[in-house]
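Structure first, then comments.
Letters A, B, C and D mark the chains in the order given here, with residues in each chain numbered from 1 onward.
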Amino acid sequence: MNYNVNEKGYYGDFGGAYIPEMLYPNVEELRQNYLRISAEPSFKKEYDELLKNYVGRPTPLYFAKRLSEKYNTKIYLKREDLCHTGAHKVNNTIGQILMARRLGKHRIIAETGAGQHGVATATVCALMGMECIVYMGALDIKRQAPNVARMKMLGAEVRPAQSGSKTLKDATNEAIRDWINNPVDTHYIIGSVVGPHPYPDMVARFQSVISEETQWQLQELEGRNYPDYVIACVGGGSNAAGLYYHYLNDERVKIIAVEAAGKGINSGESAATSALGKEGIIHGSKTLLMQTADGQITEPYSISAGLDYPGVGPMHAHLFRTQRAEFISIPDQEAMDWGLTLSQMEGIIPAIETAHAFAVLDVRRFKPEEILVFNCSGRGDKDLDTYIDYFKL
Amino acid sequence: MNRIDQKFKEENTILSIYFSAGHPNLEDTVPILKQLQAAGVDMVEIGLPFSDPLADGPTIQESSTQALRNGMTTEKLFTQLKGIREHIHIPLVLMGYYNPMMQFGLENFCQRCQEIGIDGLIIPDLPVEVYQEESQDLFNRYGLYNMFLITPQTSEERIRYIDKVSKGFIYMVSSASVTGAQSAFGDVQTEYFQRIQDMHLNTPTVVGFGISNAETYQAATSHSRGAIIGSAFIKFLENEGVERIPEFIKSIRS
Amino acid sequence: MNYNVNEKGYYGDFGGAYIPEMLYPNVEELRQNYLRISAEPSFKKEYDELLKNYVGRPTPLYFAKRLSEKYNTKIYLKREDLCHTGAHKVNNTIGQILMARRLGKHRIIAETGAGQHGVATATVCALMGMECIVYMGALDIKRQAPNVARMKMLGAEVRPAQSGSKTLKDATNEAIRDWINNPVDTHYIIGSVVGPHPYPDMVARFQSVISEETQWQLQELEGRNYPDYVIACVGGGSNAAGLYYHYLNDERVKIIAVEAAGKGINSGESAATSALGKEGIIHGSKTLLMQTADGQITEPYSISAGLDYPGVGPMHAHLFRTQRAEFISIPDQEAMDWGLTLSQMEGIIPAIETAHAFAVLDVRRFKPEEILVFNCSGRGDKDLDTYIDYFKL
Amino acid sequence: MNRIDQKFKEENTILSIYFSAGHPNLEDTVPILKQLQAAGVDMVEIGLPFSDPLADGPTIQESSTQALRNGMTTEKLFTQLKGIREHIHIPLVLMGYYNPMMQFGLENFCQRCQEIGIDGLIIPDLPVEVYQEESQDLFNRYGLYNMFLITPQTSEERIRYIDKVSKGFIYMVSSASVTGAQSAFGDVQTEYFQRIQDMHLNTPTVVGFGISNAETYQAATSHSRGAIIGSAFIKFLENEGVERIPEFIKSIRS
């Protein structure tokens, strides 16, 4: 089976572009040009150079010695937390800003939940001297003050989304509305492998640098370019898509996707889309999403703002349905404990999103010779307040 | 003949009103419909509320959210509309997002529409290509027209294509802007209206988004077959109540 | 002239080891072994691997395009802000923890002001599974809550220094006292090129990876391995020492050191040691320091906690006295403004310490063809509260 | 003959007291000295306060900080001590950190010491090697002894070296710990005292750090020529005042 997107923008049953006509010209322009532009030598050169000289790529593939000893298996961390701005998100925003420039756009909009994607977008806009407006739920603005400040430092305007529950989902709606209202000069930088085709594929390709590097790094370190497992947390799914990308069709590599169970799958406060979601349409894409019987999208819950999204990207819906990937959901408490464990065993304070992935070590057994690559998608500095509160530090 | 086609045959200029079902109060749907028909409105779009109405402006969003809070559901709306055709004869269009329809079961949804006597659907997040592939046959089978939008950015080629696929009318979005009232149209919009008029499409066009008063209604209908009023009507409803609907309609057509 | 340390531990008139006899065995053990150990192939291998796979080295040498255009010269940023934990400090703590292990120590102490060195120390201790105690002024603990939380997340104990003015100077005194009290099992990881010989030289060598990389990176980018200027902020002087190191004796390269003028050199609230200091002894080293006529060490002031130190390392005292380096002092306000400028022009929010260095662009003229390398010593996330307050973000 | 040598010739067991000049009150220096001599103390270390006394424990640190707050300076201390030899005949040692002395001007400092009749110096952050290179000649010229510390970690080789360089006495730090009172010595310390005693050094040793009462004084002096009391005396001063110094001394020698 082929797990990449097909020509029509679908991963199996999922994907597509369920968008209002007002967005058609923009999305269509992107669809018709994204592959061509990103294949241009001048684009690749600029993208690669920025990833190297600005973002700090390649990020290390770090062998976690103490963790490996404790769990008696070979644990590698792909260190996206070392990217400029502190998470994998910037791989995508660098790509999209270059895309936007080549499409002649000079105004950028984005949505953000925890603020990581907002910061990554504000960053590349500053770098290119482009106007930047970030939509963020009014509630999230209050909860994530430091990232709001970072965006403002970077010269971005942060616009509160006042509708609905005033969180990520609503910020995304507002960003889409802005794009509808500004169809000519504006590019919308979506922050994950969600949204209408070609976004999921485009974002996955920009993030695929993660597995591309992993391949040669593993070759250097282990003498073979693939691991036994790739393991990542899934909010929308972009860091996971990046780590899986070059292994999607390599059946030697097992894929584990980790979702946020929040207070427990059956608690009513969860973000475990694969367990709780049904097929539907969210933000322009047919995928799995959490919704009422009536098709209203439900508010998800997770202690980590970046996993607090009611859907997953269509690639992940497909990986789930075809059982190519195993989906595991991890409650708040285990994730938080892993935040502490990783800090104290490896000196790496992970984002709470990232911490979810590691909890797999407690629920699955691995063999001593098996090679596991975890995506260390982001650093935990943005989550310090949450950690402080939770652990009474 | 579909009531929509019938209406465009009978009337030169169509006034259509949009409201969100279940707003301001859960049981307002039928009273509003009766008032609108009595006031001489030619067509009504009944909004099926959605949690994430990303193509709508603030007024419609809020009415949608309020309707959901009031307890509106797809099933509830169909129950309210059961037997509506005993009183209401003007064309009725359901306007809603694709997801709630999918969850209801698309075929089931169409069947219920047909039973009630719904004439057509407007589904903003169902693009024409997907429609053709996924739902055209089904809608046809249940006698439901599906109306498409065009915007100032829609290319001529695409307009022609949409015109070919369309039945009933084409919903002509007045400006690159989510719905929301404005008090007058500018030159850009007038030029756009003129441009579309000059294309002499087969399907009649109805202008929507930003129609709020006699002036904008006038401007829109001088270049098209009709106009749809949404936000302005919803605001009026909120402030003045269902009983005073005739005054609103009179102010538009004055 | 040779600007490196001499055999006796002096840079010209400065340096030495003015330590109580209680510290003699520890300092002497270090002095006798640091060069031998750090030259061992196994040490070099472990150090280099950790720098690469854990810290994320090499850090990019980033050509700042927009800034270069604005100032009509060639501006490169050495991106130490991308190091794991967010500043150059970790280059040193990685080296010292490996040194400590080879000396058979299993308890680590450190002092910290802003918390960056404390975090970098707590990090390497977690990595090695070693006990870690960080001394921090009681006042700084209150001012720098997030870094305190990071250290605790990493399993370190943060001990408040209650003496004196309860800031960095006093934390250093407390750390020294701890070392006196624990002469056998403990290694003291000093965070800058200060303290008794061999610390200034050892720390400078560990930080010298900065200029080592700069050499080959410039060769790749500009076809010559040296710039016209190296420019860095100086608190104790470790990031500056790292950037200058391989250019110290290369007179083609001009050296600029930037100190914190605080509220102005003559305001009584300043940390501009070169302008205000006199020769004396601080923390075991003969160097320039700010002191009363009576030889009492004065409390410095800077808005940036990392430059808020009343002395400079002996290497810098020597560079100043011999005029090998030009010393410039920059007041709070200019530094803060540069924090904003760098954020908005290059998408890089610098530490306030780092921001001081860039202000040189406003006070010196450079030629279009001249190549400037600035040390981007750390990221500004730790300073967000200060930025927020200052700019009312 | 230097008063220190004289004292060690006269007395078998030396009790020496340390206090920070200018603490508790700025003008206490001379009254304290008089009380100490009257109480039969054999030697006094006068602490020159320093802002950053990194070899001292909390009690001495605080007394030092308080003394600075009270306005104590090097010049002030010399002024207070001017003419002191009219009243005080026991050896006087100045104990202070190197930086304030450097700033005063090392030669100037020595000269003033000589004028006053200071017998020696203890400078914790002036290691023996640096002393030999930078200040030995100067100190000799002004008749000032410089006393060095040894600790339980000091190697035998180094102790021998220090013994060779030393004049007056060797300050034997009782344990690897900054000054601060403790109520009894343990086995480790006793072994250390014994080890040093068995080395039969040329220079007499005096134990300091952790002497607080008759018991620790006893223990220390059974293996050495004397003991220095610092923190315990400073605490007593703070709590009981200058007038009651004789009681403190009596409690130690009882």
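Everything below uses one rule, namely that a contact is a pair of C-beta atoms (placed from the backbone, for glycine too) under 8 Å apart; a residue touches a chain by one contact, two chains touch by 3 or more.
Keep in mind it's a predicted model, so treat the numbers as computed, not measured.
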### Topological distance between chain B and chain D, in contact steps
3
### Query
Cα centroid separation between chain C and chain D, in whole Å?
37
### Message
From the mean C-alpha coordinate of chain B to that of chain C, what's the distance rounded to whole Å?
### Response
66
### Query
Where in chain C do residues touch two or more other chains at once?
none
### Query
chain B: which residues touch two or more other chains?
none
### Query
Viewed as a graph of touching chains, is the assembly arranged as a line, ring, star, complete set, or other?
line
### Query
Mind giving me all the chain pairs that touch?
A-B, A-C, C-D
### Query
For chain C, which residues count as touching chain A in their complex?
52-54, 56, 59-63, 66, 79, 81-84, 86, 122-127, 129, 145-146, 148-150, 152-155, 339-340, 343-349, 380-381, 384, 387-388, 391, 393
### chain A residues within the chain B interface of the complex
16-22, 24-25, 163-164, 169-170, 172-173, 176-177, 180-184, 278-284, 291, 293-297
#### Entry: Sites on chain D touched by chain C in the complex
50-55, 57-58, 61-62, 65, 68, 73-75, 97-104, 124-128, 130, 148-151, 153-155, 158, 173, 176-178
